[in-house]
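The same chain A turns up in both complexes below, where it pairs with chain B and then with chain C.
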Partner chain A sequence: MARSRQDLLALFQTTATEIVEKEFKSITESTVISELGIDSLGMLEIVGSMERQLKIQIPDEMLAGIQTVKDLVDAVEKRQPE
Partner chain B sequence: MKMKDSAQQERVYRLYATFFDKAEQERRWNPFRDVPWDKIPREGAHPILTTVAETFCCVESYLPDYVAKGINLVRPYFGQTWFAANWGYEESKHSIALLEYLLRSGARTPEQMFDLQNRLMENEWQLPFDTARRMTIYGCFQEMATFVIYVKQEQRAKELGDECLATIFRLNARDEIAHTRFYQDVTKVLMEEDRVGTLRDIAHVAKHFQMPGVGIVPDYEERIKVMRDDGRVDRGVFLQKVFFPVLKYLEITRQELQEAAWSKQPTAAE
Partner chain C sequence: MGSTQAEVEVSYDVSNEFFRLWLDERMNYTCGIFDEPSENWHTDNLEEAQVRKLDWHHKSARLSPEKRLLDIGCGWGADLEYQAVNKGVKECHGITLSRAQHAEIMARKIPGVTASVCSYVDYKPAQKFDAVISICMMEHIARPEDARSGKHIELYRRYFQLAHEWTNPGSYFSLQTILRNRFPRTRKEIQDIGFCTYKIFPGGISLRLEDVVMAVNPYWEIMEVKTRRTDYQKTCQHWLDRMKDHKSLIVSKWGQQVFDDYDRYLSTCVYAFDKHYQSLAMYQLRRID
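This part shows the complex of A and B:
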C-alpha cells in the first residue's frame, strides 16, 4: 500500500537521523537538504535506504535535481505502487 | 589491494605504459611556453577568476604531501607507483601555471603568494583513506570532480574574456581526465580480482568523500561559496557529472554498490 506524504516525510527524517547520526527535529517539505548538513552523497545514501525499505527504485536521473525534502518525497511518491 | 597475481600487476603496468605513451604523444605542455600570457585582459584578472585561480593554486600546493603519502601507499605496486611519480609531475605544472597567472595578471604580488604558500604549509594534508585500493577509487572521484570544475571554470573565463586563464583551465582539465581514466581502469582490474570487496570500498569512499582542500586550505568554504554563488558549482553537479559517470564507466550501478555495502558476502580477502 502506498504511504502518505506525511509517512514519507517521517521516513526521511528517521532514515536521515540513522545515516547522518544526528537528530533532525524540524524537518518540513520545504527544508533544503543541504542546509541539514547533508551533502549529495549523503542524500544518495538516504535515498538508497528509503528505496530498500519501500522496495522501490528511483531512476538516477531524478536524483541530481533533488534539492528539498519535497523534491525527494515527490520522487519517492511517484515510484510507489498505486 | 592485493594484486599478488603477476598477470594483474602486468596489466596495471600496461595501463600505465599506455597512459604514459599517450601523454608523451598528445598531452605534454609547458606552462611557460604554451599558455598565451599576452592574452591576460588589460584590466587584469576578474575578482571571481582570481579567487578561483588562487583556490586551485592552494589545493595544488599540497603536492608534496599528495606525492609523498600517495606514493608510499602504492609502493608495492609497480605500475601504480610509476603513475604516482608521473602524476606529481603533471600536477606540478597546474600549480606553476596558476601561480604565474596570479602574478603576471597583477592580481597578487610575489610577497602575497609566498606568504600564502607559507600559510598553506602550516597544515599538512593527510591521506583520506588508508589502503591503496580505496585511494585508487578516491582518485576516480576526485580527479573527475576536478576535471568538471576546471571545465566549468574554463567556460567562465571565456565568458569574462580571459583567454589566458581559460587556456590554463583547459590544459589542466585535459590532464585531470587522463588521470581519471587511469584510476578507473585500475579500479576495473581490481574489481576483476575482488568484485565484492572493491564494490564495498567504492561505497565506503563515496560515503566519506571530500575534496582535498577541505579543512586545510584557508577560507576554503568561503572560496567555494564564491564559485557556488557564481553558478559554477552546485551540489547536483557532483552526482550528475562526477558520481554517476564514474559508475557508468566502471559498469556498475548505484544499487549494486548499496547491496555490496549492506551484504555480508565475504570479499576475496576474507
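This part shows the complex of A and C:
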C-alpha cells in the first residue's frame, strides 16, 4: 500500500539519521537537503536505502533534480505501487 | 579533451608482462563472447571467447583480404593480428596512445600490420580505409566532467565525423563500448566504481547507449546493436581468477599495491556487470555516403 507524504517525510528523516549518523530536527518538505549537511554521496545512499525499503527504483536522470525533501518525496511518491 | 597520453599509460602500462599473465594469449583487454544463443553456441574458455569476438568484428566490419582496415585504439594488437593472420586482411593499421602497447605490436612483426602512437584527434591517414574497428576506445574520448556538463556528445560526434572522413564510401565500422547503466546506491559500491574510474582508468568514462545513438548522426547508420552484459561479467571473472593464480609472482615483481588495486578493480567489474551498473554493447555501423 502506498505511503502518505507524511510517512515518506518521516522515512527520509529516519533514513538520513541512520546514514549520516546525525539527528535532524524540524525537517519539512521545503528543507534543502544540502543545508542539512548531506553531500551528494550521502544523498545517493539515502535514496538507495529508501528505494530498498519501499521496493522502488528512481531513474538515475532524476537524481540531479532532487534538491529539496519535497523533490525526493515527489520522486518516491510517483513510483510507489498503488 | 578525453584521456591524455599519461592517463592512457596509467591504464595500460603497468607492464606488458603483467597483463600477459592474466589476459588471454592474444592480449585482448576487452569483452569476449561466451554465449551466442541464436547459434546455439557456448564456451567457457577465454581464448575461444576472444576469438569469437574478433570474428564478430571481422564480419561486422565486412572485411575481406583486399580491404584496408583501421583499428582505433588497437591495444596490444590482438585484433590487428587476428584480421591479418587469421583472415588474410592485407593492410591493417592501428592507432594507440600507449607506447608500451605500440612496442608489443612492433615486436609481433606481423606482415601487413602497422601501428602508430597517436591520438585520434591528431591522426591524418595518407590513404582512406575501407573498414574501421574500434573496441572499447570510446571510453577515453570524454572525461567524467564532460559527461556531467553534457559536452560528451559533441566529442563523440567529432570522433564519428573523423572516422567518416578517413573512410571510403561503402565502409562499415564495427564498434564496441562499455555502457554505464545504473548508478550505484551504496557507499562501498560508489567508492569501488569511483576507484575503477579515477585510479585504473583516469580521464575516461563509459558511455550511455543513447550517447552513441545520438552521436553517430549524420555520419554512420546503426545497422545492429547487441548488448553483452553477462559476457563481460564472465570475461572479468576469468581475468580475476587468472590474476589471482599469479599472485605471488605479481607481488614479487610489481608489488602488493598493484595486486590489491587490480584485485579490487576486477572484483568490482564482475560485481558491477552482475548488478547492471555496467553493460557492454557491440554495434555494426554503415557509412552514410
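Here is the rule we use: the second predicted complex is superposed on the first by the 82 of 82 C-alpha atoms of A that agree within 3 Å, B and C clash if a C-alpha of one lies under 4 Å from a C-alpha of the other, contacts with A are read in each partner's own complex, and residues count from 1 in each chain.
To be clear about the criterion, a contact is a pair of C-beta atoms (placed from the backbone, for glycine too) under 8 Å apart; a residue touches a chain by one contact, two chains touch by 3 or more.
These figures come from a predicted structure and were not determined experimentally.
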{"item": "Partner chain(s) touched by A:44 [first = chain B, second = chain C, both, neither]", "value": "both"}
{"item": "Touched partner set for A:56, first chain B, second chain C, both or neither", "value": "neither"}
{"item": "Per-residue contact with chain A, leading partner among chain C and chain B", "value": "B"}
{"item": "Which superposed partner A:34 touches (first chain B, second chain C, both, neither)", "value": "first"}
{"item": "Contact residues common to both interfaces of chain A (with chain B and with chain C)", "value": "41, 44-45, 48, 51-52, 60, 63"}
{"item": "Partner chain A, residues of chain B touching it in the complex", "value": "206-207, 209, 235-240, 243-244, 254-255, 258, 262"}
{"item": "Sites on chain A touched by chain B in the complex", "value": "34, 39-42, 44-45, 48, 51-52, 57, 60, 63-67"}
{"item": "Chain C contact footprint on chain A (complex, rising order)", "value": "41, 44-45, 47-49, 51-52, 60, 63"}
{"item": "Complex contact set, residues of chain C against chain A", "value": "182-187, 190"}
